[in-house]
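Following are the structures in question.
The two complexes that follow have subunit A in common; it is paired with subunit B in the first and with subunit C in the second.
Moving on to the complex of A and B:
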């Protein structure tokens, strides 16, 4: 079973991670109401909390070079248990894809194209993402560099444009809230945008680099992404102050405040552009990962036959995944962080521990060297 | 083969322009651009009169700078229990669709502001089309009348009002506001938000609008106001005043000093039950006009100006501070300042803040710098009189 391995460069890999994280900065409403004006610190805290788990991911990448998550599951848990775990992972990937698709659909539907049925927006969007995914990983990740640059430029411009609305006293007092709020918020940030990087484990075998060196690119991409999220959140707090807790899309309201000498006003269109660009990237990557995982699970020769049916399923799933935007925010705050933690941190950790107990990577290496010796 | 690809690209590009969206198509002829919103209380309880001002694009284009003819705007109003209800009835009772994105100003009538505004603000925050950088103004009287007052120089009154507010904020950013900052102040526990008051001034035959002072809110109810002088005191205490002048009246003559810049620093000290606040205020001035004040050496003159300016500023600040202490409204955000900078002390004070604020002991330290005397240093007849 060999799906075509289109390789990507380490830089593409790095920027994909950054871009992946950056696209989640648009959803600061999950944690901003909880940690309020300390949210920017919470992002840093969450990044620090995630570092040990990233190390787990990196160890997995190094221990099983050339294997993606599904293959690792097979190798570590055996054929049957491995398949079950992989199936759960695939559900997780599809859920993530649908959640993001729904986010995009509701944003465009509520703010830009009010009368257009969300079905049209969602279907058109998933078709484009599916089209990108059908061309392989290289195409999906190729624009990550450009997207990161565009989004960073927009970030800098909007920071400059909102300076007269900024009030740095908004950050004060620092960390004077009940520790419970900070912990809960850190938990949300570490699971919802940051921990979702577990999906990257699906594409690591396709990165054109020695396994020993992949860690530093992974880490660099992660830190850059976390920094961008922090900047976005800090900007929103500086502009909105305590009102950041009210809004469903804080960044959108921040950009609405822009007025440059009454000439360049109302830059929320930049937010819309950014949101669509970044969600395009995130959804196509998630979609690619989902169908790739599926093709590995069923041992298909190629993931291509899965594209259209899965696109249809994802579009349909996105409508039933939650009832409303408010419900989504509630799930994002209360339920998802606890469910996701299983997929993002506990399962990889378990995988690593079992692999070490069974001394798996070693066996693999020996087996391969034996094979090589035979040849 | 080569050309077919090019053709395909061309087709795609052309189709972008031809196949525009069909659901959300909004042509200029099909929309009514709302430029201003006024909300008033009616004589029935829990009912509001909601007025929108709509710009007539055709009338503006046809007038083309000419005079007379039709008005460039029209007013529509409806009476309902809440904002969205009123908005919907306007929406459905109209040949065109209401377009709220370009709304310039939101005016609340005084009587409504005195009853409470939270329940009506909610809709403005929630509605996807409304923007939060729109100024929020209280009308002294009926908001609808204010919005309907025609201006000599502006075709669209709402835009004129917006410009008036912007002009005022050149003196001090505190004299204008927007929905966001207003709501943000409301969300702070102890701060009382302020909003500009707009008044109709009737002159013979004509009416004009004037922004006069600030409305003080406690919670969501307007409970008092600052007049022009007291508002200046407010701006001085916050160190946010510029581009205007201070008039000094001494025994020897009058002087007009232009404010170049100002700043203020607040230093709270805690003394058991009482709170002392020391405000260090700095002002930089230029002399723009002298009247009288002859026969004085230049050093003496400057000394006199500095002394009387300090007195004047002190008078302004205290007049404002007294009003606020009497109303028990912390418009300066002292409580918020202490929460942010002295969180430990704040824990002790927060529960008793309503008792503490009226008893705050404010001490002022005013520093006045006169930078420039203008193009001339002596009034021309000065030497003549001396001789």
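Moving on to the complex of A and C:
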């Protein structure tokens, strides 16, 4: 199913990962009330915790070059078990897409377009993302570099503009929170959003690079994304201090305080623009991954016929995925970290272990060398 | 609202059906039909105000109340 049109460059791949992670840095509501002023440290700890699992992803990419996650599941677990596990992953991908779509709909509906029904916002947005996905991975990821640059410029400008409001004593004392809170927050950040990079395993065959070199771009994108998340959280802590726990969107409140020469004020519009841009990227990529996975599961020649009905399912699912914001926060803080560990860490690790027990990469190499010898 | 839903799904069918028929693949036809029917059912239930249980909430309750795995 890989076509020349769908191939992406290593830089697009790297910045797609950064953009994917960056799009979640604006939503620190899950962990900021728990780790409070230690949230910046939690991001660093979560990144460190994720590194071994990223290594698992990279080993899977190198062991099965040219195969995406669904094909790897088929190869490792066999046809029936592989299809069951792939179906579970597809549910996970659709759930992530719907959660992000719902978050965007809630934000735009409550902050910007207050009189517009959320249904309209969600449907219009998913149609735009579906349209992007219909043109292939290259179109979806083409502007990832630009988006990362824009978000980084806005980050630097807002850090410079809020310097007057910053109080670096807000960071002290370090590790003020009890260990349980630090562990919980680290767990949350490592799964939402760092661990969501498991979805990238669906697009790695479409990167125009030798399998041995893909790891460095994956790692570079991850580290850059984690760094940007940490800087955003640190900026919010420096400005808001302990009041960070009072706000659902701390970055939104931080940007309210930005003013240039008392002429340009209420720069939270920058947050809104950035959120929409980054969410567009993330939802488009997640939607593309979801329908691509579905097309591989059912062994279809193309994912394109599935775009519109899957967009309808995603939009509908976004309205039922959780009943209220309170339930969303409760799930995100209490149970989602444990649920997501299964999809993001345990299943890929199990896949790698079984692959090595069955000596599958070696068998594949032998099969390839035998075929080459016959020719 | 139901009329809008039916019109939207008919429009979806008008856009996709020619491509699905042209492909001449039974598997594609079955998969597309299944996904289309699922999408229409869920959207219809939501439009009629019937609450649909979220798989995420069910899974969360399983982890929290049955397996006792939560913070």
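To be clear about the criterion, the second predicted complex is superposed on the first by the 370 of 375 C-alpha atoms of A that agree within 3 Å, B and C clash if a C-alpha of one lies under 4 Å from a C-alpha of the other, contacts with A are read in each partner's own complex, and residues count from 1 in each chain.
Operating definition for what follows: a contact is a pair of C-beta atoms (placed from the backbone, for glycine too) under 8 Å apart; a residue touches a chain by one contact, two chains touch by 3 or more.
Everything numeric here is computed off the predicted structure, so don't read it as measured data.
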Which of subunit B and subunit C A:323 touches, first, second, both or neither: second
Contacts of A:349 with subunit B and subunit C, given as first, second, both or neither: neither
Which of subunit B and subunit C A:253 touches, first, second, both or neither: first
Contacts of A:172 with subunit B and subunit C, given as first, second, both or neither: first
First, second, both or neither for A:91, with subunit B first and subunit C second: second
Superposed model, subunit A: greater residue contact from subunit B or subunit C: C
Intersection of the subunit A residues that touch subunit B with those that touch subunit C: none
Complex contacts: residues of subunit A adjacent to subunit C: 91, 95, 99, 184, 294, 298-302, 304-306, 308-310, 312-313, 315-317, 319-323, 327, 331, 333-339
Residues of subunit B that touch subunit A when the two form their complex: 21, 23-24, 101, 125, 128, 131-133, 166, 178, 180, 183-184, 187-188, 339-341, 343
For the subunit C and subunit A complex, residues of the former touching the latter: 8-9, 12, 15-16, 19-20, 23, 25, 27-28, 31-32, 35-36, 38-40, 42-43, 46, 51-57, 59-60, 63-64, 69-71
Complex contact set, residues of subunit A against subunit B: 110-117, 120, 169, 172-173, 176, 240-243, 246, 253, 256-257, 259, 262, 266
